[in-house]
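Data block below; observations after.
As written, the chain order gives the labels A, B and C, with residue 1 at the start of each chain.
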Amino acid sequence: MIENILGRIKKMDRKFTQLAMISVFLFVLMTALRGDRFLRPANIDSMLFQLVEPGLFAMCIAIAYLSKGIDLSIVTIANLVGIVNGILLRRTVLPDGSNATAMLLACLAVSVLIGLLCGLLNGVLIAKVGIFPILATLGTQNVFMGIGMILTRGRAEGNFPKALLEFGNAHVGGVPLLTILFLVMFAALCAVVHKTPYGLKLQWMGSNSKASWYSGVDNVKVTLTTYMISGLMAGLCGMVIMARSNSAKADYGVSYVFQALLTCVLGGISPLGGRGKVYNVLLSLIALQILGTGFNMLRVSPLIRDSIFGFLLVISILLDYIAEKRRAEILNRRAVNKNETDPAGQ
Amino acid sequence: MSEPVIEVAGINKAFSGNRVLNNIDLAVHSGEVVCLCGENGCGKSSLIKIISGVYSSDAGSISIKGVNYPSLTAPQSINAGIQVIYQDFSVFRNLTVAENISLSYRVQKKKWFINYDFNRALARKALALIGANLDADEEIERLSVAEKQLVAIARAIVQDASLVIMDEPTTAITQKEIEKLFAVIRGLKEKGIAVMFVSHKLDEIAAICDRIVIMRNGKKVVDSPVADFETERIAYYMTGQEVSETPFEYIPAGGRPMLEVENAARSGEFESVSFSVKPGEILAITGQLGSGRTELAKSLFGLAPIQSGKIKIEGRETRIASIKDAFANGIAYLPEDRLGEGLFLNRSLGENFSSAIIDSMAGPLGLIREKRFEELSARWMEELNMSRKPYTTPASDYSGGNQQRIVLGKWLAARPRIFILNCPTVGVDVKSKSEIHEIMKRLARQGLSIIMISDDIGEIISTSNRVVIMNAGRVTLEAETNGITADEISRRILADAPRHGETE
Amino acid sequence: MKDERLKKLLLKKEFLSVVMIVLFSAVFGAVNPAFFTVVNLYDLLKVCSYPAIFACGVMIVLINGGVDFSFLWVGMFSAYSASKLFSILQAQHGFTAPLILIYAVCVLIGAILGSFNATFVSGFKVPVFITTLSSANIFMGIMFQFIGSEYIFPEQMPARMIAFSNTVFLKTASGVGLHVSVAVAAAVMVLVHFIMKYTLMGRSVYALGGDIAATERIGFNLNRVRLFVYMLAGGIGGLAGGIGVSNIQVANPYDFQGREMTIIAAVVIGGARITGGSGSVAGVALGVLLTNILSQNLVLIGVPPEYNKFVFGLLIIFAAAVQAVQEKFERERR
C-alpha cells in the first residue's frame, strides 16, 4: 500500500514534488515565525477566501499559455461583468429586496454570457483575423475597460443586495463556499485539459500548431473554445469580486494579470505552449498565498512583495533552465559512453 | 601538397542522447573540390556546423590554415575564411538583397558604419560574378527559392573565403541553374579556393569533384580521389549494405480502383493529372522539386483542394476540400517534414499515437481513460518494431527513425484506406528505412492503397509496383516498375520540360 | 511601374498611421477650429515628447524580437535615483549639478538596468515579456526599498532640471513657445534612426529579429547583440525618465505606473512587427503622435473623457488587424 503510494509519487512530475515541498516548507516556516497569528482560524479562513480571485485568473492564463497564447483581458472582463450586473441590480431589485435572489440568478446568466462573448471576440481576433494574442487581448483589454468606463463614467458600482454578500461569505463545513466552488471548477478544468479530447487538442496546438492541423484538429475551433473558456471563468470571477468586495469598478485589480502570469510560470505552465500540468498551478497558487500572507504579517509593503515575486520568477526560470541543460548533458555523455562500448551504435 | 585549408581530427558530437559524430578526421586542401556524401542523418550537417563554429564539438581538434582552434566560434571560423551556404540559405527575410550580401562582409571586416551605396555596389558586383540578375533593393521575402540561393552564394563569395561549403546546393534549383553553379565553383577552384560540396547525385560528383568523402552513422567510411572510386559503389558505402530488399510484388486482386483521379488541376501547380490506385497497390509519384508532386499529394489530402477534375473513391465521385473530408474518406497523409508537421515532440507517445483518432477515444462524460493510451501505444510499438517504453514517454526521447514510426503509427491507428506518404524515409537511418519499407509492403498486402512520393529511385524500384513521373505539373510517364530501369526513371525526372518564361 | 510603386507605398507599415493622423486631424479641425492652432500643436508635441523617447527604446527591443514591459520602471528608477542624488548634493553640499551630468547619470543607470535585462533574456528560453515583467517588479522593489519612495518636490529638485523644464523656443507672437523636451525627443529620434539604420550594431538588431540562427552563422555574437539592444534601450529609457520627471517638475515614483501598454501600443500602431525584425523611428513618431492626438483631442470635439480607453482599444485592434491582414496577403502572394 505504502509502496504503491510512494511509487505513484515518484511517477509524478518533478514540478509537482518541488512545488509541494515548497508549499509545505513555507507553511512550516510561517508557523514557526508567526504561528500564533498564522494558524488562527480567522487567518486560515481569509487565506482560503483570498485564493479564489487569483486562482480563477490563473486558470484563464493557464489554458491561454497551453494554447501558446495569452489573455491580458481577463481582469477587465471580470470588471465589466461586475459593472453590468451592478447596473442591472440597481435598476431592477425592489427596495424590499424580495426579488433579489431571482435577479442574482439572472446576473449569473449575464456573467456567463458576457464572459463567453468577450472570449469569443478575443478568439475571433486571434484565430480568424490572425492578430497575435498579446496584441489582440491588449486591444480588447482597453475596449472592455473602456465600455466599463463609459457605463459608469469611471465611478464604482456598489451596494449590492444582501443576498449576494451573504452568498459571498457563506461557509460549508467551516470552509468558505466560494473556495469550495473554486476548487470544483479547478478540478473540472484539470479534467477538461488533461482528460478530454478538447484538452489534448489544445495542448497539441500549443505544442505544434501545424502538426495538429495535419492531424485533423480544427485549430480555429480550439482557439475559439479556449478563449471562450477563459472569458467564462473571468466572467464568473466578476461575480466573485462583486460578492467579496461589494463593488465593481472598471480599473479594479489590474495587477491580478501579472500575478496570474507569474502563478502559471511558477506552476510550470510554459508560455511557449503545450507544456505543463494544470494541477501544479494550484500548488504554486497556495505557495504564493502563504508567502503573500506571510509578507502581510511581516508588514512587507505590497510593492516589495511584487518585487520579491519577480525575483522568485526569475530564479525559478533559471533553475528550470539549469535542470534542462544538465539533463541534456547527462544524456549526451551517456550516448558517447554507450557508443564506445557498442561501436555498432543503437 | 600544400598545407591543408582545414584539418579536423577526432571530432565527436552528441545531441540529447544521440551520437551524431564519431571520431571524424578530415583535411581539405586549397583549390580542391571535395564531395561530402552520406544519407540524411549520417552526421554531415553536424560536421559542417562544427567546422563553421556554430556547434562546439564534444571532443577533437580543428585547425584552419595551420592555426589550432581549441574552441572554434562562428566569428573565428568566418574570419579564418570558412563560408557555409546552408540548405536553408540562412538569409534574412526582413532585409534587402544588398544588405544580405554585404552584412556578413561588414561583420568580418568590422566596418561599423553602413553605406547603402557601397552595399548596393558590392551586391551588384557579387551577383554579376555568378551571373545572377536580381534587384539589389528587393526584400528577400519576395524572392523565389532559387533566387534566395543565389543571394546566399553571392554572400559567400563576396568575402575572402578559402573554403566554401555548400550543403546540397542543387536540390532546389533547375538543371540550367546547376550548370551556372558549376561554372561558379570552377571559378572558385581556379582562384585556389577549396569547395566542400554536399551531394548524392553521381553525375554531379563526377562532373565537379576531385575527392569524395562518404559518411555513415556518424563515421567516415570512404575518403578517396573520385578518379579511383567506383561511383556505382556509392550506395553501398552510404547505406553500409548491399541493396538486399526484395522488390515489392503486387498481386492483382481485381476489383475496382480505390482511388481514381481524373484530369485534376490546380492553377500554377499541376494540370490534367490522371491516375488510379487499386487496393494493395503501392504507387510511387516522383519528379523534380516544383514538378507538382507534393502539391498533388497535398490536394488529395484536402490541404489545397483541386480546382478542376474529379476524384473518385471506390468509384464514387467525392469532393475533398478539407482535411476533414480526407479523414471521412479514409485518406491519411504522412507529411514530408515529420518533426514540423507530424510530431508533437514534447507530448507523450500515447498522445502522439492517438492524435488522429482522439475524438473516438473519449468514454462516458467525454473523458479519456489512460488505459486506452496504454493499449494503443503497446499495440503500435509492437506492430512497428519499436523498443518498448512506457506510453508516457515524450516523443523527444526517441531517435529520428523511431519518431518516423510514431508518426506512421499515428496515421495507421486511424485505419486509412488510402495512405499517402511524402518522402517517408528522408532523414531516417538505414535500418529503420528498410523496416519502414517492410511495413509499407505488409500494409499493402493487407489491402491498403499506398501512394508514396519519393526522390529515391532505389526506393521507388524496390517498394512500388507502379510509378508516375511528373514534370512541370504534368504526368510524363506512368509505368510498371518491373519494366523500367533506374536510368530511365532518372532520365525522365530530369528531362528538361519547358518552363514559364523560358521560350526562346 | 507606377502601379508597383503605389502598391509598395500602400503596403508600407507607416502608411496606415499617416492616413489616420490626417483623417483624425481633419475631423477634429472641422469640428473645432482650435485644433489647428499653434498652441494646440505645441501642447500636443510636449505631451508626446518623453513618451516618444520611451517608445524608441521599446521599438529597439521589439525589432530584436520581444516585448519589453520594464522600460517605465527602468526610466523611473534612473530618473528618481538621479534626482535624489543631485537634490541631496544640492541641499547638503551646495553642488548645483550641470544638466548634462544629471541626464548622463540617468542614461548610465538605465543602461546598467538594461544590462540586467539582457542577462535574463540571453540565458532563458522564456518569452521576453515574462522576463521583463519580472525585472520591472524587481527594479521597482529595489528602488522602493533601497533608494526611496517619497516625492521629491520642485523646491528640492536639482535646480538645473527645473530651469530646463521652463525653457521654450520658437516663440510665437503671443509668446507661446515649444517646450525644450520636444527638441530632446527629436534629437533622440534622429540618433536612434542613425544607429538603427547606419551602424552595424543597429543592423544586427534587425538581423537577430529576422533570423536568430542566420545571425549567429554570419558571425554576430548573439549575447553581445542582446547586451547592446537592452543597454541601448535601457539608456534611452533612463533619459526618457529624466525628461519625464523634469517635465512634471516632481519626482513622483508612481508617476509612470500603468502606462506601459499605451506606449507599446503606439509602437505597434506605428508599424513595428510584434514578432520582430521590422520597425522604424518614423513609425514610432507617427504612432505616438496618433495615440496622443486621440487622447488629447477627443474632448475638444465633445466626446466625454471616459470614452478614451474604448477608442484607444479599438485603435489597437484596428491597427493590429490591418497588419495581420497585410501579412496574410503577402504570404499568399508568394
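Heads up, the rule we're going with is that contacts are C-beta pairs under 8 Å (C-beta built on N, C-alpha and C of every residue); 3 or more make two chains touch, one makes a residue touch a chain.
This is a predicted model, so every value here is computed, not measured.
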Top chain pair, ranked by how many C-beta pairs fall in contact: A-C
Longest centre-to-centre distance from chain C, chain (CA-based): B
Mean-CA-position distance for chain C and chain A (Å): 31
Between chain B and chain A, distance of the C-alpha-averaged centres to the nearest whole Å: 43
Per-residue multi-chain contacts in chain A, two or more chains: none
Complex contact set, residues of chain B against chain A: 12, 14-19, 22, 58, 217-218, 323-324, 327, 333, 335, 340-347, 351, 355-356, 358-359, 361-362, 366-368, 399, 410
Interfacial residue positions of chain A with respect to chain B in the complex: 191, 195-197, 200-201, 203-204, 207-208, 210-218, 274-275, 328, 331-336, 338-339, 345-346
Touch list for chain C against partner chain B, complex: 197-204, 206-207, 209-211, 213-221, 277-278, 330, 334
Chain C contact footprint on chain B (complex, rising order): 52, 54, 73-75, 77-79, 84, 86, 90-95, 99, 103-104, 106-108, 110-114, 141-142
Parts of chain A lying in touch with chain C, wherever the complex brings them together: 125, 129-132, 134-136, 138-147, 149-150, 152-154, 250, 254, 258, 261-262, 265, 271-272, 301, 303-304, 306-311, 313-314, 317-318, 321
